[in-house]
Amino acid sequence: MSNSASSSPRLPSASNTPKPKAKAPKSEKPAKQAPKNAGPGKAAKVNNASKGGAASSSSTPAAKKISPLFAHLEEREYPATTAQAPSGVHPCVRSLGLQFAELKICGSTARCLAMLNAFKQVIEDYQTPSQTTLCRHLPTYLSIQISYLVSMRPMAVTMGNAIRFLKYHISILDIDLPESDAKGQLIEKIDEFIRDRITAADRLIVQYGLQKIQDGDVVLTYACSSIVKTLLIAAHQAGIQFRVIVIDSRPLLEGLKLLRDLATAGLACTYAYINSISSTMKEATKVFLGTHAVLANGALFSRAGTALVAMTAHRRNIPVIVFSEIYKFTERVQLDSVVMNELGDPHDLAAHKDGSPIDPAASLTNWKSVNNLNLLTLMYDVTPTEYLSMAITEVGMIPFTSVPVVLREYRL
Amino acid sequence: MAHEEFSIYQSYQEFLQSDPDMSMPVAAVQSLVEFIRQSQASTMSEFVVMVRDAAQVLKSSARNSVSLAAGCDLFMQAVTRMADANVEECRQNLINRGTKFVEKAASCRESIAELGEPFIRDDSTILVHSYSRVVMTLLLRAAAHNRRFRVYVTEARPINSGYRTAAQLRQAGIPCTVVLDCAVGYIMEEVDFVLVGAEGVVENGGLINQIGSYQISIVAKAARKPFYAVAESYKFVRLFPLNQFDLPTHTAQILSFDSPQSVASPSPSLSDTNSMELDGAALDLAKTNPEVDYTPPSFITLLFTDLGVLTPSGVSDELIKLYY
Amino acid sequence: MVKDVNFLVEDLVAKLKRRQITGSYTIALETAKLLRQIISVTRWSTAGALIDRIKQEGCRLVAAQPKDVVVANIVRRVLHIIREVYTENRDAVDEDDGTILAAAPVAPQALLQPQQPSFSIHSSMFPLLGDHADLPADYTRPVHNLKSEIIQEIQEYIEELENMYSNVSSQAMDHIHSNEVIMTCGYSKTVESFLKFAAKKRKFKVIVAECAPTFQGHQTALALTAAGIDTTVIPDASVFAMMARVNKVILGTSAILANGGLIALSGTQTMVEAAKHHSIPVIVCAGLFKLSPVFPFDEESLSTEVSPDSVLDFTKGHFISEVEVINPFSSYVDPSFIDLFITNLGGHPPSYLYRLLNENYDAEDTYLLKS
């Protein structure tokens, strides 16, 4: 309640398009350029500001108060709509935002790629207004796109790093360059980023990763990491005899996607929910994880449940290997999972995706009308660095204590 | 004293040697019974003092007295409880009880083996330290009941008693490999659990055993493997060591930084340990090194005893009840 | 008569097999009542004969649900009661007759072992001092009034069972302070009554993990909110993240093993490990009848695997035929992660459980099916 009340005074400002919108990106820009100073408070503020827009359309249906324990986390409206998108948002960004919100495009790499591809389109279609220059105006225009995306779902660390890269290259453009050349150069830079930071990086990571799978291994993985999937399929194709245990968790059940792809590729797979991890871990010889982000204190910021998997493995002396491109590394530091996180759709806990109740005997489908009852889903958790054995990146196999070193040496 | 010709320590040694299966506390009780049999005392208090002195002599004659002391203390406890009876009855009673104890002691190991057997699962890999009669009883019983398992046994330098374990296990058809004492960390990943015997089980459930047990327990804990100790309840002893240097077996000579010559004075006896023949250098090392170490209870998962399978906290309970 | 008993036993066996009675409390109560009836209606002359009979019927019941420890616990407890009553009464007879047990001519055992209840052979020290253990356990002497005494004792035990929930939950005030955040998982009637009792006087919040695929957590949430407790349901994956805000973890269990380990709903082990990481105390609430004298020899054999359909069913696609799906209902929980047990007798540290075992069961009954 307090959340929506505090945001309602912002409503006029959200509909009052260009000027205040230009402000929001400004407050965000320094946050991205000097992330060391970007405390959680600041990020939350940005989220709240953009949330004002989201709340304006649907007139808060039977607003369920979130537990005060998590009042600092942003609540979003479900189901998501694009109705309140500001007029300046490019159509392809508008549909992308919806895909983000509905988790149709999910995963930090997929989201970053989709955003960069959309931005290529945005830049192509962009025309510098008269009386200003591209270098000066394009960042503002992009910021409108970005804050819209953020309003649909909080930004992934990968996206932030890519945006920083893009904005930097806009800022160093030669001011006298003709517009079409400048746009061409920027699109080229984006392609370069995708190639160097993602495609080529993944190829290297898979090469390193193949050294760490041997015949007879039982690899346990959690949820769905695209790089882990690529690696496991590559290892299978290389003729290595191993087995995979896919651990999954509700409500997202992302592991199912991974399981389908692995099983279709002919890998021997075992599937279980995360609650069985204490018994399934006994069979595993290695744990392979992907991640959303790698924090500067050597912790992982990854899909909720990752910490449980890593902890369980660590307690049984099973090595935990994390696969991550270094564009997922961030200067941010975080010790617990509560201070900064993203809330999922609480209704997913009460009903299956098709709307059928989960437990007919004790159905929570009417949870909004049950007094004292709250449903809460955190999207991420922070895995402490002591549970992680090794990071495999495109710059090699490194210990997690070296995350700050990589951040220093390979600044984007 | 009327029985000066009787040497309690010699009697003790004879009992130990006459029966290779006899453990030190049992031999101690038997020699004390023998002492009582030959003793003459007119008053009860004289009698008690005599027995106490004999026990003291016995304890101080052996270099490593922990296990022996457990037997002596147990017997002394029986003696003090008889204090108000008449001397002759008391003597006879103690002789009866002591003899019965010795008879029953042998069956102790069998009942431990019975309790411990279910812990030995098929296809398990067990790490055993040095040589322990009660551990052997357990393993051989499990093998006789067609359990299939493999055993790593530590060499247990300098007395090299691990080879004796290995030989006996192989004879029983149990796959067995001797590992260096310093290779324990290496093989621990392969091990399902650790099994050690005991010279003494102390008040807090900790363990006094052949040197090396403590470090094995630390490795086991680090690798999160169960560490089981097997001990007859007559090895429970009212001792509460705080650390290694608080053990009654610790002397200033052990691993001191003095020049080796100055500590070369022979210690009372090394033969207690059922040791194999030692060469000169190993003998020197053995003289300056501790024979036993203390494993704190936090490193022990469970104790298999004839009283049942106990958590370390259960030991104190038994000791408190016994010496109440 | 005998036919009647047979019929009653068969009836309970069938119910257990078909899982017509579930919930360890109900099973415990039914078993205790059946055993009481067996004792009262069957013909037996000595305690030894009765023990054999109870063992025999007990084995049939245990075999109906071999993984469930409760039936066996009740059988063991009843056997213990029979032995206890017999020994007490037999000794009383001895004293009346003025005959002292033959093997202790000089020092009566009472003098030597004043604190020792004479029946607990296995809890006494190796008998250098006592003579009693030398006596073979002998339950053949006829004892006056034995039947009615035994039945009275069992009746008391049944009453103890019936008061179990209130005896556990009445301790809640000692453990829950105001404004606490408590985490639990799955559903346990004991935990529910414990929290509800505390909620009468204290304000606190409960976070409950849903425990897919059984979703027992949903049941807990509805039960607690109905009692006015502020409850938040979370997915199992969020347990580690949410633990940072929790003060205490309070759990139920299916069984407590002799080393203090649990057999509990799948996911419990993960939750207690997460609690350990955050140094959050873990409390286990359970009736004492769940305490089993069996050690976890083989952790794998302790987890109960159930049909994988609720995790992954065949409608998800043809690829599933190639996939092995694991769905343990319950599994082993290591005792090193538990700080306190709260039973109907009070609060106990895990290190003291051995004592409760000694007080409630006889070691010779540990392996019922073997004998």
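Going by the order they are written in, the chains are A, B and C; count residues from 1 in each one.
By definition in this document, a residue touches a chain if its C-beta (ideal position, glycine included) is under 8 Å from a C-beta of that chain, and two chains touch if they have at least 3 such contacts.
Note that the structure is a prediction, hence the values are computed from the model and not measured.
Participant: Please identify the chain lying most centrally, where each chain is represented by the average of its Cα atoms.
Facilitator: C
Participant: Once you count every C-beta pair in contact for both, which comes out on top, A-C or B-C?
Facilitator: Of A-C and B-C, it is A-C that has more C-beta pairs in contact.
Participant: In angstrom, rounded to a whole number, how far apart do the mean CA points of chain A and chain B lie?
Facilitator: The answer is 61 Å.
Participant: Please tell me the distance, in whole Å, between the geometric centres of chain A and chain C computed from their C-alpha atoms.
Facilitator: Result: the chain centres lie 46 Å from each other.
Participant: Roughly how many whole angstrom separate the Cα centroids of chain B and chain C?
Facilitator: Distance between chain centres, rounded to whole Å: 36 Å.
Participant: Do you know which chain A residues sit against two or more other chains?
Facilitator: 315
Participant: Hey, which residues of chain A end up touching chain C in the complex?
Facilitator: Touch list, chain A to chain C: 67, 69, 249-251, 256, 259-260, 263-264, 268-280, 282, 303-305, 307-308, 311-312, 315, 336-338, 341, 349, 358-359, 361-364, 367, 370-378, 380-382, 384.
Participant: What residues of chain C sit close enough to touch chain B in their complex?
Facilitator: Chain C reaches chain B through residues 106-107, 111-112, 114-116, 122-129, 131, 134, 258-260, 295, 297-298, 351-355, 358, 363.
Participant: Give the list of chain B residues in touch with chain C in this complex.
Facilitator: 29, 74-75, 77-78, 81-82, 85, 89-90, 93, 97-98, 100-101, 104, 108, 118-119, 121, 232-234, 236, 301-302, 306-314, 317-318, 321-322, 324
Participant: What does chain C use to touch chain A in their complex?
Facilitator: Contact set of chain C toward chain A: 181, 205, 210-213, 215, 218-219, 221-222, 224-225, 228-242, 244-245, 266-267, 269-270, 273-274, 277, 299-300, 303, 311-312, 316-317, 319-320, 322-328, 331-332.
Participant: Touching chain B in the complex: which residues of chain A?
Facilitator: 315-317
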